[in-house]
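My questions all concern the structure below.
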Amino acid sequence: MNTIHTVGSIIAFSLLATGCNNIIEYSPYQSGTGELPQNLNEKTINRLEQESSAKFKSFRIAIIGDSHTYYDDFRDQIKALNAIDSIDFVIHNGDITLSGIHREFMWFNDIVSELKYPMLTIIGNHDFLSNGDLVYQEMFGSLNFTLDYNNCRFVFFDDIIWEKNIEDPDFQWLHQVSQKNDSITHVCVVSHIPPWSDQFSMGNRYLFYKILEDNNVKLSIHGHTHSFFSGYREECEVPFLVSGDATDREIILLEIKQDTLLIDRKSF
Amino acid sequence: MRWIITTIIFFIFWTPNLKAQFVPEGSYKMAGFLERMYEPRKTVISGDTLHYRPRWVFPRHIKVQYAGSVGFISVGAGYHLWDVYEPTLSYGLLNEALGGSNVTVHTISLKNSFFLTQKPWFDHFWPKAGLQINWGNTNNTFSSLPAHYPEKYYFQNKVHAAPFWGGEWYQPLKDKHLTGWGIYFEFSALDAYLLEAIRTDYVTMLDVWSLAVGFTFYFH
Amino acid sequence: MNTIHTVGSIIAFSLLATGCNNIIEYSPYQSGTGELPQNLNEKTINRLEQESSAKFKSFRIAIIGDSHTYYDDFRDQIKALNAIDSIDFVIHNGDITLSGIHREFMWFNDIVSELKYPMLTIIGNHDFLSNGDLVYQEMFGSLNFTLDYNNCRFVFFDDIIWEKNIEDPDFQWLHQVSQKNDSITHVCVVSHIPPWSDQFSMGNRYLFYKILEDNNVKLSIHGHTHSFFSGYREECEVPFLVSGDATDREIILLEIKQDTLLIDRKSF
Amino acid sequence: MRWIITTIIFFIFWTPNLKAQFVPEGSYKMAGFLERMYEPRKTVISGDTLHYRPRWVFPRHIKVQYAGSVGFISVGAGYHLWDVYEPTLSYGLLNEALGGSNVTVHTISLKNSFFLTQKPWFDHFWPKAGLQINWGNTNNTFSSLPAHYPEKYYFQNKVHAAPFWGGEWYQPLKDKHLTGWGIYFEFSALDAYLLEAIRTDYVTMLDVWSLAVGFTFYFH
């Protein structure tokens, strides 16, 4: 009977070692199976809007993006964020996974749960693969949403096109929620794909620029390109800020003041 | 979950220690339709006579499996070739009712299983290992990119290979259809997970396994 | 030997009956095999620009479209056109074939060769199927081109998108050649797909309207929808004219005057 | 073009009137490799012995064809089954050098040919008819629509069926590889053309035919 117990122990050990956490997986493409937290963005927005002041007040946010499956760099990035004092919240510019499969969302969640600041994410094109868009919505909430904080409006805009088999982003919604409103100090737009990327048709690019300009958007924030960019594009009067990926090992800090936005890059 | 696993482990290690012989033949009277399949048939090709037995094409075994990244439940049938090789083709389903997923996933899987020993351990337990090929059908999975993408924009995400290891507790039966049955477990690791285990420190070799448990029924 | 001659006669008869014209076909998808006329649009433009007057002069054109393989109606349409007096030229709004295969171009050419007026065609989405775009270019010339006639400019614009695997129309060219120019009396744009069709992204639609408006285009002429339309769309200040298909059994006549364009529909 | 057709007609009707027997066997000594293929072989399946002859899978004939809507030139191989049925799978090529098309078209074609008579006319001429399935590979042909189209926006345009009729002048040979050879012509009509012939008065049943001419070589 001794040998039987040995084999039993090996199996039991394997089960314990793997933590029994992800060990029952019905499919890499599963969605809504209850192992993930729900509506993270919505919860963060509620929390931030309660902490927000009614009038403008200077504040500082951190911007990261395109963590994909660069888990080691991403863990260091979360640690580096925790080491920074006084960030009001963190924005992740999308592509939180590589293939949009369930386990990648679990890994992302596991790493991000160490972050001491509130975080908002926008969906990336990779997060749309497999059933990723469904997992994303379960975990974070709506794909288009806004945050009003210290009298500034952040418009989070899903502009993924190809992965929806060529569907237009909801420009009408973007235009509506970004609408120039004298009572709001600054409007910033956050979307994963910058409008000059090849997912945009020439007209959609033109329309995106037009909406940014017409609504006097202060800064248009994106990811997707895997390399940092800050400044103007020839065709648009609104400045852009593009984050690199997790392997760039840097954090973008955005200081939002009454009359200006200050961009700072912090390596770790 | 834990109680299922515990039950299975208990079941595997405490069933009576009967003498086992893998896929014994003729130990019990076969059902008529099986016996008829063993009878030789003839067909004529180009004026020649070809002798064959229908049994050659009828599956050797069927499997019913829970989990293992190929659906909540999967069923399949297969053969036993060259003594050590057991291929099984299965269909797995995951949906709202079966597995509680808000999206339906159909998976076709080819389990290429190999016997690791010449005799079973403790007369009953056959260690096995092999490679599974899983073909998942759901939203936004593709084997070749839709035409509107530039070339190589994404890698295909429909077909995954998954090495696995495990074993089966085999029990012979005196039955006119079945020569025996078995209960098995398998740990499989999807290529995509293995890649992260190799590429990153964060994902370890212990994080990538997916457990399947199931029953096999062996026909005469 | 009599029977042999009978069989021989049958075969010979078959060959003669089929005219030996299309009887050797290498592939329905062939292109450039020399059985079709070449550069028909270019030749027509050269002819019309020679006949054109330097200053504005009123003239009349006929507009048809979407003949596909409605050959019987199309033949009647050509006869009906021949029965009309004093047309300066005919515009075909595209979809001259059903599947873009070689023999359909031959059949089109055979029917159109009976027309006594010069004709210009713009490529349609169906003409892009198989290797139709190559056959089309061999037979007619460039896909984007202009005609200056009696001090009016006609801009023929290829706006097929899906059949090129989502490629933007050449809006820059459109904008450039339609440019408001006080010395030109009227500018008319001709393209197969009207900008409100689903091949257009929201932005491309917006951009098309914008180019029409900014350049003060007099009329935007299209096919594709298989039903007649004349008038304004909510989102654009330039009027549209859309032709039906050959089975509608009508011809659109456009009277171009110094101060106005008159649209008339003639049934046959 | 005309002279090719004239030559073929001349050739078919004025070759000497030899006695013909379709695919005669054993009339001449076979080549070694063919003879060996007729020898029975054995293989073991599930403990049973299966007897077969390699000749069963080696093609009965090959064809080389000019035109016929499946390329400038096409080559194929096939079998002769149930006395009257002759399936041939071919590959046809059309490009700049072969056919003068500025675009390359690869065509895979399955010619399902049936003998229309039990004996040849004039001892040599076998009337045949059947249905061809042509699968054309070139730009903007698809069997299912690319993902960016709405459903049913277009009908598939990659596969076409084409009924055909024609015949072959067969000539037996005393050769160690071949039992005979033939020269054939076929008139085929693509489904798309037939549809227009039915739907419109403009396109008539005489406008839709495409002529193919070719040679067949029959193996022992």
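Note that the chains take the letters A, B, C and D in the order they are written out, and that residue 1 is the start of every chain.
Heads up, the rule we're going with is that contacts are C-beta pairs under 8 Å (C-beta built on N, C-alpha and C of every residue); 3 or more make two chains touch, one makes a residue touch a chain.
Because the structure is predicted, anything quoted here is derived from the model rather than measured.
Colleague: Using mean Cα positions as chain centres, tell me which chain lies farthest from chain B.
Modeller: Checked the centroid distances; the maximum from chain B is C.
Colleague: Would you kindly tell me how far, in whole Å, the mean C-alpha position of chain C lies from that of chain A?
Modeller: 48
Colleague: Starting from the mean Cα coordinates of chain B and chain C, work out the distance between those two points in Å.
Modeller: Taking the mean C-alpha position of each chain, the two centres sit 60 Å apart.
Colleague: For chain C versus chain D, what separation do you get between their C-alpha means, in angstrom?
Modeller: Centres of chain C and chain D (C-alpha means) sit 40 Å apart.
Colleague: Could you tell me which residues belong to chain B and also touch two or more other chains?
Modeller: 146-148
Colleague: Which parts of chain C, given as residue numbers and ranges, touch two or more other chains?
Modeller: Expected reply: 165-166.
Colleague: Line, ring, star, complete or other: which one describes how these chains touch?
Modeller: complete
Colleague: Spell out the part of chain A that touches chain B in their complex, as residue ranges.
Modeller: On the chain A side, the touching residues are 3-5, 7-8, 11-12, 14-15, 17-20, 22-34, 69-72, 74-75, 98-101, 103, 107, 111, 128-134, 138, 162-163, 165-166, 198.
Colleague: Which residues, counting only chain C, touch chain B once they are in their complex?
Modeller: 165-166
Colleague: Going by the contact rule at the top, pick out the chain A residues touching chain C in the complex.
Modeller: 166, 168, 171, 200-208, 210
Colleague: Show which residues of chain D lie in contact with chain A when the two form their complex.
Modeller: It comes out as residues 147-148.
Colleague: Going by the contact rule set out above, which residues of chain B touch chain D in the complex?
Modeller: Residue positions touching the partner: 40, 45-46, 48, 50-53, 55-56, 146-148.
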